[in-house]
Amino acid sequence: MKLAVFVHEYREPEVLDRLKAEKLGIILVQNGVYHATVKKDGQPSPILSRNAEFYALSEDLATRGFSDDKVDPKVKVLNYDGLVDLIFNDYEKILWL
Amino acid sequence: MGKLTIGCFSSLVGSLTLDFAVKLAEAAIKKGHEVDFWLSGNATMLAKKNQSKFRDYSHLAETIKELLGTGRFQITMCEACGKARGIQEEDVMEGFQIYSMDWYLASIYNADRLVHIGGE
Amino acid sequence: MIKRYAFVVNKLPYKAETTRLALTHAIASQTAEIHLEDGQGVEPVIAFIGEGVLNCLKNQKALDIYGVTSQEMHLKNALLLDLKVLVCKEDLERFGLSQDDIVMDAEELGAEVTTQVVPFDDIMKEIETADQVLYF
Amino acid sequence: MGKLTIGCFSSLVGSLTLDFAVKLAEAAIKKGHEVDFWLSGNATMLAKKNQSKFRDYSHLAETIKELLGTGRFQITMCEACGKARGIQEEDVMEGFQIYSMDWYLASIYNADRLVHIGGE
Amino acid sequence: MKLAVFVHEYREPEVLDRLKAEKLGIILVQNGVYHATVKKDGQPSPILSRNAEFYALSEDLATRGFSDDKVDPKVKVLNYDGLVDLIFNDYEKILWL
Amino acid sequence: MIKRYAFVVNKLPYKAETTRLALTHAIASQTAEIHLEDGQGVEPVIAFIGEGVLNCLKNQKALDIYGVTSQEMHLKNALLLDLKVLVCKEDLERFGLSQDDIVMDAEELGAEVTTQVVPFDDIMKEIETADQVLYF
């Protein structure tokens, strides 16, 4: 299963420990984009150490004051347009966690 | 081209979740896809007519109107969720459909992709 | 063709109505046919995981106190309609709960199916094989 | 006897937060206190008239009516928050006041206790 | 300052570590009542080890399926009626966390 | 008599509108007098703590993208109206942020006061001494 999950909060959903997928995408939107941009106590968000593809929504980054160069290099930045393609082409199932 | 169904549940108007869902729909429509949009829980507020446009509050009525104009966009309010909030038939914006929850389940049946925003 | 939808409930009850809507939507699968073509249908499976298992506790007094149907009542309704209801075993154990604490049947209403307490792996399989997944 | 001001902000109708706030007001009124109730953000939905009563959704209109009948209860909707949601003057239940945000700040001025529910 | 805080979620508000009060009351309402009733991995909620007075709303306990005897002995159960008295008589400031 | 209200913002912006309403309500203190008696007035202090400090970042494009006023704009408005704005020093540091990253002034609008970065203890003192506390 190619599974993409939306993370919309600046808190790691516990269920991520348990979801199994052949390909897992983590899409950071809304307050989820802080995972890609903010270090807490000097540490990047633990979510970024997971075995997954990471994406962050550029519109939600910009809304909160982050330019793309503030984004962790593990994370691919895409806009709504790119998000539609990602959903249709790269993943089969999508969960909003 | 495919069909995307978006379900927005118990979403806050006033959060940007409905805005997210509408922008996603807009981007999909622009790419030629077809979009079904289901409003349940507090998201039914999107259906209320006469929403004033202020800069301090998000305002989605005009975008929805444009999307409806493409003929590839359907938007449906959960009947009970709306009525419980006082959003009766006469309160609903033009172009919105009103159905029971089974409409959403049927829409999903042949959707190529589902983005179900089940709460926050 | 019958398509299978997995309704996965991970959130706590009552604070928001999202877990209630999970059950009412799952139950609405019974009438989805009116919008579908001949031979098409929908079969739901409801799975409670994580803190979501706390939706299944017995003796919920929501109707008496707040005037809203309890999750317990919705759950019994689902069983009465022969819906498949799964509860994650590991999560029940994590909260120190047993089958005695949760709604396992709706015999008093005449329901024939019962709640099934299963390992998370079984629920993951449902998520993988379902035609659509609705995560609450 | 004292004065309690309750502010409910961005609350979910459909959550039990508005129910909590209304029950707290009810208990305070029964004890002889005076209550001011401020609705902001999504809590303004409480002001919408014609809310249908279903068992699957909480329904507070009747309790509010009773509280208003005591003469020791005022309830006010934030004007901008309401209008942005399409809740215009003609949509509002009888007995509700409509004011700007400064009404709330003034109500707090001489409140003995404040329960401010600033979001969830 | 006599400070009462409402905890309405089954998650501990971080700010509790920092609030200083001569008398601190923690009122468990809504999904906050799980702190008073549920053990996770055999452990009671860490919130109960704080130096504070604890209260839980009986109506919210009952709604979720808990009778009063399921409540941790550290926690005083009160109803809406008792809550009004608590607010007026025992605390000066109240925060909904 | 002027009463002092502490508006304490602990939540992240945009997800819900609660932190926006904190600022608009604080600003509304300017007109509270119309509902009060002669000599009565309200003086707000706005304090950002915890994740709430992320409301204060510069370059927020909320208006361009979502058509809603940014928290940055509300903050500048507050400074323009001489409101006291505090940001918790420890929390800024915790997120690796400095004064360069946040809205410290609204000089371009003609504001004379600036944001003050202060230790949490100072904010706690405001909470203790304020006549009313509004926690968002």
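To keep things simple, chains are lettered A, B, C, D, E and F as they appear, and every chain counts its residues starting from 1.
The rule we apply is simple: contacts are C-beta pairs under 8 Å (C-beta built on N, C-alpha and C of every residue); 3 or more make two chains touch, one makes a residue touch a chain.
Given the structure is predicted, the values throughout are model-derived calculations rather than measurements.
Visitor: By that same contact rule, can you tell me which chains touch chain B and chain F alike?
Guide: Of all the chains present, those in contact with both chain B and chain F are A, D.
Visitor: Which chain pair is joined by more contacting C-beta pairs, D-F or C-D?
Guide: Counting C-beta pairs in contact, D-F comes out ahead.
Visitor: For chain B versus chain E, what separation do you get between their C-alpha means, in angstrom?
Guide: About 38 Å, centre to centre.
Visitor: Counting only Cα atoms for the centres, state how far chain A is from chain B in Å.
Guide: That pair's centroid distance is 24 Å.
Visitor: For chain C and chain E, let me know how many angstrom lie between their CA-based centres, rounded off.
Guide: Computed value for the inter-centroid distance: 29 Å.
Visitor: Could you check chain D for residues that touch two or more other chains and list them?
Guide: 10, 12, 14, 16-17, 41, 56-57, 59, 81, 114, 116, 118, 120
Visitor: Check each residue of chain C and list the ones that touch at least two other chains.
Guide: 14-17, 24, 66, 132-133, 135
Visitor: Where in chain A do residues touch two or more other chains at once?
Guide: 8-9, 30, 59, 63, 93, 95-96
Visitor: Is the way these chains touch best called a line, a ring, a star, complete, or other?
Guide: Chain contacts: none of line, ring, star or complete; other.
Visitor: Go through the chains and record each pair that touches.
Guide: Listed in label order, the chain pairs in contact are A-B, A-C, A-F, B-C, B-D, B-F, C-D, C-E, D-E, D-F, E-F.
Visitor: Which residues of chain B touch chain D once you look at their complex with the stated criterion?
Guide: Listed in rising order, the residues are 10, 12-14, 41-42, 45, 48-54, 56-57, 59, 80-81, 83-88, 91.
Visitor: Note which residues of chain F are touching chain B in the complex, please.
Guide: Residue list for chain F touching chain B: 14-17, 20, 24, 63, 66-69.
Visitor: Where on chain A is chain F touching in the complex?
Guide: Residues in contact with chain F: 8-10, 30-31, 34, 38-42, 59, 62-67.
Visitor: Using the touch definition up top, name the residues of chain E that touch chain D in the complex.
Guide: Within the complex, chain E touches chain D at residues 6, 8-9, 29-30, 59-60, 63, 80-81, 83-85, 87-88, 93-96.
Visitor: Which residues, counting only chain F, touch chain A once they are in their complex?
Guide: 12-15, 51, 54, 57-62, 64-66, 70, 72, 94-96
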